[in-house]
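Two complexes follow with chain A in common, the first pairing it with chain B and the second with chain C.
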Partner chain A sequence: MEFAGILAYLVSLAIMAGIYAVFCLGLNIQWGYTGLFNIGIAGFFCIGAYTSAMITSPMPTGTYAHYVHQLFGLNLPFVFGLIGAASICGIVAFFIGFATLRLGDDYLAIATLGIAETFRLIFNNEQWLANGPRGLMGLPQPLAGLVDPKNYNYIYLVIVIVILILIYLLIEQAIRSPWGRVLRSIREDEISAAMSGKNVLRFKIQALVFGAMIMGVGGALYAHYTKAISPDVFTPLYGTFIIWVMLMAGGSGNNKGAILGAFLIWGMWIGTKFMTDLLPYTLKARAPYIRFLLIGILLEFILIYRPQGILGEEKKVSKLIE
Partner chain B sequence: MAELIVYGIVLGSIISLGAIGLTLVYGIIRFANFAHGDLMSAGAYIALFITSVALPWTGLPHTTFGPFSFGWEMVIAFPVSMLIVGGVAIGLDQILYQKLRNKNSNAVIMAMSSLGASFIIRMIILILWGSDFFFYRPGVLRPAIEFPLGIKIRPDQILILFIVFLLITGLHLFLKMTKMGKAMRATADNMELAKVSGIDTEKIIIWTWCIGGALAAAGGILYGIDVQLHPAMGWNFLIPLFAATILGTIGNMYGALIGGLIIGISQQVSTAFIMPTYKPAVAFVIMILILLFRPKGLFSGGKE
Partner chain C sequence: MLEIKELNKSFGGLKAISNCSLNVEKGSITGLIGPNGAGKTTLFNLITGFYKPEKGTIRFNGDRIDGLPPHRIFSNKIYRTFQITREFSQMTVLENLMLMPGEQYGEKIWNTWFRPAKVRHQEKGIMEKALEVLDFVELLDLKDEYAGSLSGGQKKLLELARSMMANPEIVLLDEPGAGVNPTLMKKLMGNIRRLRDEKNLTFLLIEHDMDLVMNLCNPVIVMSEGTKLTQGTPEEVKKDKRVLEAYLGGQYR
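Coming up: the complex of A and B.
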């Protein structure tokens, strides 16, 4: 492969890692700062991607309309897709939080898992909603007219990085505010937070919604990068599990760690692909399973031997305390 | 409709086997075991290995077994697979959860660890068998028996109900009559009190995993006999298992049995109105309703 090819490959790798970093930041608000165990990230991934896809693409017309069905197609700019994805994810998260956060920690996990599987079923079965199992294709890309399509990924990489930085700054600001300190106090000791007069349930719901909105943005970024989405993309493996491993590896409770983990694990994931390419032909079809097995084992090692991840938590979050 | 209810009881009894194990682990070891569904898959695939590879290798001729769809191999494979999966569950505890317990990790970290374990089990199944469907005896479909009300039941399904009945009666007697069973119930009630009464809680935990794993394996095999084997079968059982567990109040074995039956019947009856692919969503909706209106489950009356 000559230089340009390698560069293009690295750019596509960085875009995906950047999108996963957005998910990690969302999960970090929920798990890293508040201690909410959301194992239905794939659900928010899915809703975010579909919402943005339908907001930004036009309603199919002519013969095309016989083959592609979707609930709505608004043909609005990319920014509206991001806003819509974040809003819908926030609303869904609010209802889940309302139903489960009054109860123990495990209930949220089970409910988010259920919602992720249920949304995948709905998008798979309901043809009229978003074209069923075949999904939506040819999604519009922002600023696509500016450059040659084969160089487009450079522009998209810039878009992803700009959004990633904005989200990072927003979360850093939020987490260093009094609001952020309440979240951490809830994570450490819910009862003492309640005794200090904090409405624990309300803060937990806010953290869940905030995190889910960022995941919605991540889903939207994914949809416009791949230009095609279908329900089988949003599986527990690619949509939830790998994001958890990224956050745990990088360091939960640390936004730099969340981003680092995303790039590191995505790099490892792609790197192991080169390794399994060396396998004999008969084993190649099962190579992804071997790679996921290794990722699973990695998670177990992290949980037992380095639960704080590579960077660990930033203990000092107030600029007032030196 | 009557037929759907009977099929629902069959499915529900399989869910119950998983849910009873899950609720015992939840009640005694106190964390949500997300690998429980995949223990069911493990049991089904280990039985598949024994019936289709290990026993044919001995060269003994295959004969069918009574009016059932499987051969004599299953009579051996069933208990052996239960034992192996019981061992796998203990092994996972020793390798993973015990280390976390000793470090005083909280229950959520243990649940996350079990989520990792569930993916590891599924990936091993996928590596060894691939993502295809399997049957224990391909091509053999025994005629169904006709009952009144137009209910057609296969002999396999009657056997499934009988085996579930035997296993649950056995577990009931074990918990009520034996010293170990009593110690397990005491630990579920109050672990600290059990410890100071001289009960070896680590030993209780090992027994709990063994029973939970073995019951999960039985559930997985019975589902394989009734329907088919697929690597995602256990993962798809996870929502119904948790729904049954919560419905029947966490830690309550008899509640899990009733919960499993309710979920199974609702799932099958729902196919008369909506697409069968929505079965997992039916369990999820029931679970959300329970969480909203009676979060402690149906059988929480006396205890709280």
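Coming up: the complex of A and C.
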């Protein structure tokens, strides 16, 4: 009994880590390979989650309709939710990219942070859109009828891992090809890349859009795992900052590192929760802040002592033909 | 082949280029010399699309190219190197070269997923060419090193190698000899001459090393105060009093 409990806990931990790994892979395209300083991951997280939620859930009827408002409810299968989340995030990223990618690094960071917060606040304040601060609940889960609900997480873990592997393979193929080589050249020296005949803006938009689409999938996976979403999930801290720490820890510019970082940091994040549970009663109220502090200190250590992360970028990346 | 007519460009109150007109003949190694601040690098930046001229035209093989963005200038087969080399330092030497060819299939992301065989086939060709070029500039042993870890002189060779990968018709070299030791310099000069003779490449190069200019270039164009002062064979330019004055600041008398 004890063992089964631990196993179930580990499964739920692995699901969340797997979802975060999806975000890390998306960020790795943008930051790790192209050098785009996107600190608005939470925005794509938010849009992906809400889009998939509304595509897969039915429009509320009867008494519910008085309490739950949402822009649309299509009641389509899970796969359409994923595709929809990726598409909408891609379209949004295209417009954001068109408007902001002419900006230098630091300005892009400020712009993306602001845009992400804007999305969250819109969802928070507009009742008609997705039920405002109360959010959407009772979201459908794929293949839910197959097993006893208490064992459902095993199925969801498999779904998350399959999608994670699929995304990993897609990215690896593109990055090891000339496409990825151009992105890396832009990261290294934008002007020199332009002089080498590359349309820098076009490639930057592609990287932003592709990364954002993956983040949209991550958002959808999150929504159907927790079955309930509300705007307070998509804060910069949970939606952006922790993903950056994961990528930095695992090794930006390395997709295996991005996944490793997600599992490692999520494990630590949960671990610090157990640690703060041991704190004396008087300090318990401050526990969440102590956890943030610990993660922040960890990031400092990584940046000082191992800036390339645990794995770091491989020396030869364009190795399509070896 | 490259015709510049009455070009003007100023930065605030400073007229960096004023009414500058000059021609570069096909198959020549044209030297561009002049005192510091004469506008040589600014001229390069205008030709390659980093700046837009305020007035005047730049024609390449008869077509106007002024005002085009840098990547379009590149597709017109004009390539430049920089005074301070701009290699992609966290990429290997080989990758630096393989980046160069334009219009690669694999640069379209969907081709990497849906037409991998075609991408791989082209990639193989590009790699063979890159290895050949590396052999030519004698950097083959360093192909898997980070470009950032090369010495200053080796980086200059790498720039030359990259220009060969780009398949240009004209290469603009901004001080190819700066910071290069005499042995490597001889090699660099030999390579430039060979490329001109074997591949009929045209070179326009800025250089302060007079040995290099006088040995390698013909004609030599002298710039001063943003415009062409004179043009001629190395001997003619050497004898020209105005050139000496420009260098020694005689024009301010």
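Here is the rule we use: the second predicted complex is superposed on the first by the 318 of 322 C-alpha atoms of A that agree within 3 Å, B and C clash if a C-alpha of one lies under 4 Å from a C-alpha of the other, contacts with A are read in each partner's own complex, and residues count from 1 in each chain.
One rule holds in what follows: a contact is a pair of C-beta atoms (placed from the backbone, for glycine too) under 8 Å apart; a residue touches a chain by one contact, two chains touch by 3 or more.
The model shown is predicted, which means the values in this text are computed figures rather than measured ones.
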item	value
Clash or fit, chain B versus chain C on superposed chain A	fit
Touching partner for A:102 - first (chain B), second (chain C), both, neither	first
Touched partner set for A:181, first chain B, second chain C, both or neither	second
Chain B versus chain C as contact partner of A:204, first or second or both or neither	neither
Chain B or chain C, by number of chain A residues touched	B
Touched partner set for A:173, first chain B, second chain C, both or neither	second
Touching partner for A:224 - first (chain B), second (chain C), both, neither	neither
Angle, in degrees and to the nearest 10, that opens at chain A between the C-alpha centres of chain B and chain C	80
First, second, both or neither for A:196, with chain B first and chain C second	second
Overlay on chain A, chain C to chain B nearest C-alpha distance, Å	7
Contact set on chain A toward chain C in their complex	170, 173-174, 177-179, 181-182, 184-185, 187-189, 191-200, 206, 210, 313, 315-318, 320-321
Chain A - residues contacting chain B, complex	35, 37, 39, 99-100, 102-103, 105-107, 109-111, 113-115, 117-118, 121-122, 124-125, 236-237, 241, 244, 248, 285-286, 289-290, 292-293, 295-297, 299-300, 303-304, 307
Chain B to chain A touching residues, read off their complex	31-32, 34, 96, 99-100, 103, 105, 107-109, 111-113, 115-117, 119-120, 123-124, 126-127, 130, 235, 238-239, 242, 246, 275, 277-278, 280-281, 283-284, 287-288, 291-292, 295
Of chain C, residues touching chain A in the complex	48, 50, 69-71, 74-75, 79-80, 82, 86-92, 95, 98-100, 102, 104-109, 111-113, 116, 119-120, 123-124, 127, 144, 146, 162, 166
